[in-house]
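Can you read through this structure? Questions will come right after.
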Amino acid sequence: MIEASDLTVERGGKTILSNYSLSLERGRILAVLGANGVGKTTLINTLIGVIKPKSGRLSIGGQVGFVPQLFEVPFSYSALDIVLMGRARHLGLFGSPGRRDYELARHYFHMLAIEHLEPQAFNSLSGGQRQLVMIAQALASECELLILDEPCAALDYKNQDKVLCLLEQLRDRHGMTIAFSTHMPQHAVEIASDVLLMTSGSSYVCGPTADALSAGNLSDLYDLPIARADFDGLAKHTYAPVFRHEGARFDG
Amino acid sequence: MSNSSAEPRASVAALGLAGRKLASVSVLPVLIGLLVATVLYSVTIGRYDLSVRDVAYILIDNVHPLVTPYWDPVQEVVVEQVRLPRIIAAVIIGFGLSISGAALQGLFRNPLVDPGIIGVTSGAGFGGTLAILIGLQGYLLLSMAFLFGIASIFLVKLLSTVRGRTSMLTLVLAGVVISAFFSAAISIAKLLADPFQKLPAITYWLMGSIASSSYWDVLLMTVAVVPSAMAIYLLRFQINIMSLGEEKARALGTKVVLVQWIILLASALISAGVVATSGIIGWVGLVIPHVARALVGADHQRLLPVSGVIGAIYLLMVDNLARTVSTAEIPLGIITALIGVPVFAVILRRLHAKGGWSSD
Amino acid sequence: MSSRLKAFSALAMSLSFFLPATLHAESSLVDHRGKTITFEKPPERVVTIVRSAPIIYRAVDEKADNIAGMNKDSLTRYFTKGIYAEMLPEMAKINASAAQDGFVPNVEAILAQKPDAVIQWNHSEKLIEPLERAGLTVVAWRCCTEQDRLDYISLTGAMTGRNDRAQAILKAQADTLKTLDGKVAKLDKSAFPSVLHIDKVADQIQVIANGSQNLSLSGVTNPAADKSGEWWRTVDFEQLLVWNPDIIVIPAYATDLNPKDFFDNPVLANLKAVKEKRVYKQPVFARTPDAPEIFLTSEWLAAVAHGADFAPDFRKQIRDVYQLIYGAELTDDQLKAIIESESNAPADKYVELFG
C-alpha cells in the first residue's frame, strides 16, 4: 500500500527527513513512534500528499484518508457537517453533498455507533467523541489507507481503548490499511503489525512489530531506559519507561 | 438552495445542538417572502401616497395591463423611475455585502471579519476619489474603483503569502495596512481637491448613497454582484472545509489556493461594484452573517443564502430610513455604522463571554 | 395675478411694434450642455436648484409667480434676511424643498411641485440624470466664468419670454463697464494697486486666488493670482506679509468678517493696507457672485482704488440699477446697508467717497 524509498523532505529550508524508506502492505497496521520534534508530523504530511518530498519515490496504492490531531472548529458545525466534509474528494470544486453523500455519512455514524452525536455541535462533544467523529470524516472519503496523527493523544484510557478497538475492527472487517503515530509503545503492541521507530531525521528502524519493537530499540528511540513489562495474570505485555533509572539499562 | 430538499434535517431546537435553532420549517422561503413584502412596502414609502395595491398594479402594468390605468402618471414615474431603482440597488448591495461577508468569515475562520478587512473597500474608495479628482465620471469612475479594488487585493495577498501558504492572520493585518494606506491616500486627494465642487462631491460619494441610483448603476451592480455571489454560493461546501484550516483542507483534497482566490476575487468584485456606484457602506458584511448564523447555524450551505436575503432586507430598511426620517438625505454608510457598531459590540461581548468564537 | 398678467399682455401688445420678439410665446434655447430646449410658452412653474437662480429669475421676469420651488440654501442665504428679503418679501414664501444637501435634487419633492422646468448645475451627471429620468425638463447652467454669468441672464430671458428685460439688464452692465474701461485705460498699468480679497481669517487665511471678477476692469491687480485655476488659496500670515497688498477687500458673502476685525488684529497690524486703513467690506451687490447687479462691484472697486471719479454719482447709480433690476425704490437706510457704510466706517475715506 505504501512504498517509499529514499525520501528526503525539507521544511522551511531545513532537511527534516533524509533517505527514509518504508513499506506497508495492504491490510496491515503501522505504528509510528518517535520523540517530540523528530519529524513524525512531517512524515505524515508527506504521506498524505500535503508536502512534496525533495527527492526519493513515494507511491501510495489507494485513496488516503487523514485523521488530524484533535481539533476544535471556529463555528458550531454539527458532527454530521464535519463528517460530510470528508466527502470533499468525491465532489467537484463547485459541488455540494447530495443524497448519497448524506447516506454514506450516516452509514459511518452507524458503523461507529455514534448516531446520537449526529446533530450535536462538534465543539460540544468530548475528546473521545470528537476523535470518533474525525475518524468517521476520514472514512467518509471512502479511503483504503487511513492515516491518523496521534489519535490517542488527548484521550483517557477508556476512549483510547475504543479507538484501538475501532482501528483493529477496520482492519479486520473492512480490509483497511492503517498508519498511526503515537507516544505510547503499548498502542503498537496492541494492534500494530508493523512499527516505524524514528530515532532522528536520518536514522530509523522499520519492520514487523515482533522484530522491531524491542526494549533496546525503544530505549535508543526515547533516550531513556524502556523495559518490557508483563501483565500479572494475563498473557499480555507492554513496554514502559523506567523513570529515575540511575543509569541502569534493560535489554529485555 | 436546491439541495435543502434532498436530505431530511434534524429538527430539534435545543441548545448545544449545532445551532439549528429554528425548527425544520425551512427558513429561506420565509425570508424570501419577507423580502418581497419589504420591497412592496418600500415602494409605497415616500412623499407620494401610494397603497400596495396601487404599486402592484403599476408594476404589473408593465408586463400585462390588468386594469385601465387609474393612477396619476406622475405616480407611475415616482414608482418606476424614482423609487424602484434605488430599492433594487439596496437589495443587490445588501445581498452582495452579506454573502461576501459570510464567505470571508468562513474563509478566514474568523467571525469578526468584513469585506473591508481585505482592503478592497478603501482601495475602491481611493480609485473613485482619484477619478472624481481628475474629473472622470460614469463608467470611467467605475472602472477606476474596480481597478484599485482588485489592486488592493493583489497587494494584500502578496504581503501575506509566502511560498504558496497564506497566513490568515497576516492577511488580515495586511488588509488593515493596505486599508490605512488607501485611507491616507484618500485624505491627500481630498486636500488637493477644489473645496467648492470636487471636495463636496468626493465627501458625499464616499459616505455612501444610492439616492441617485439609475438603472445603469443597477445594471453595473448586477453585473458585479450576481456572478460573484453565484461563485461564492457554488463554493459553499468548500468554505465549510476551508474553515477547518489550510492544512486540514489540503488533506481533505481541497484545492486551497484556488478556492481562496475565487472567494477573494468575488468579494473584491462585489465590494468594488458597491463602492463604485454607491460609496463606502460598511458594517453590513460583518454583522449580518452573525444574525444569520443565530438563525440557521454555521453550515455555509444554508448560511450563505440566508445571509444574503437577510442583508437585502436589512439594507432596504436602512435605505427607507435614510430617505424618509428627515428632509435631508442621510448617507447609508452612516446609518449602517450607527446600527452596526453597537450590534458588533454585543456580538463581541457574547463571543468573549462564551470564551472565544468556537461556540457561535 | 391675473390682473397683472392682463396688464402685462397689454403692455406687451403695445410694445409689439418695437419688440416683436416678445409676442412669440414659443422660445427655444440652448442650455450650457448644448442641449436645445423648446418651450411652447414660458414655463409657468419653474423649480430652481441653482442657489442664485431665483434672484435672476425674479429679476428678469419682474415677478416671482412662476417660481414654484427652490433650493433650501436659497431661502436661508438670501430671503430670510438682508437686502433681498427686504426688497423681495414674496420670495420667502416659495417652497424650498427642491434640494436639501448642496445640489442633490429631492426628486419626489420636485415632482410634487409639478414643474415645467428645473434649473440645475451641469457639473455632474448625478445632479441631472435623476431629474430627466423622472421626465422633467432640465435647463443646465455652467459655473462660473464671466460669460457664464451673462448667459444666466440671457437664458432666463429666453425662458421667461422677457428678452427685453434681459437685454436691458445686460445693456446697463455693458454700458457701465465700457465707461469704466475707458477711464481705466488712461491709467498707468504698472502703477495698479494690489487688491487682496480675503474671506476667512483664522490660524490661516483664505484668499481668492482666481475668481471670476475681472479685476483689471477696476484697474487693480491680485497678488494671489496664479495659474492653478483654483478659486481659493489658503495661506499663512507670512505669505500675507510678503504680498503686502495695498488694499484688502472682504467679499460680501463673508458675513462674519468686517474691516474692524482686521484693524483690531495685532498680528495683521504690520500690513500696509491695515496701517493705511484701506480694508473694505464689499457692498451687498456682490452677495451672490451670480447677481445681475454684481457689475457695480467693479465700479466700486475702481473708486476705492483710484478715487470718486471712477464711480460718479454712485448712490444715484445704485438706486437706478436696483430700480431697473428689481423694481425696488431703495430707502436711504437700505442704500447705506447695501454699500456697507457701517462696516466700512473705520476705513479710510469711505464716507467721503460714498457718503
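What to note about this one:
So that you can tell them apart, the chains are marked A, B and C in the order they are listed, and the count of residues begins at 1 in each.
Throughout what follows, a residue touches a chain if its C-beta (ideal position, glycine included) is under 8 Å from a C-beta of that chain, and two chains touch if they have at least 3 such contacts.
Since this is a predicted model, take the numbers as computed values, not measurements.
When every chain is represented by the mean of its C-alpha atoms, the one lying closest to the mean of all protein C-alpha atoms is B.
Comparing the chain pairs B-C and A-B, the larger number of C-beta pairs in contact belongs to A-B. With each centre defined as the average position of its C-alpha atoms, the distance from chain A to chain C rounds to 87 Å.
Centroids of chain A and chain B (each the mean of its C-alpha atoms) stand 43 Å apart.
Listing the residues of chain B that touch chain C in their complex gives 46-48, 74, 77-78, 81-82, 137-138, 194-197, 200-201, 204, 211-212, 214, 327-329. On chain B, the positions that touch chain A within their shared complex are 3, 6-7, 10, 12, 16-20, 106, 109-111, 234-238, 240-241, 243-245, 247-248, 250-255, 258-259, 293, 297-299, 301, 357-360.
Against chain B, in their complex, chain C makes its touches with residues 97, 100-102, 104, 106-109, 111-112, 114, 123-127, 129-130, 133-135, 143, 230-232. Residues 45, 48, 50, 66, 68, 71-81, 84-86, 88-89, 91, 93-99, 102, 118-124, 141 of chain A are the ones that touch chain B when the two sit in their complex.
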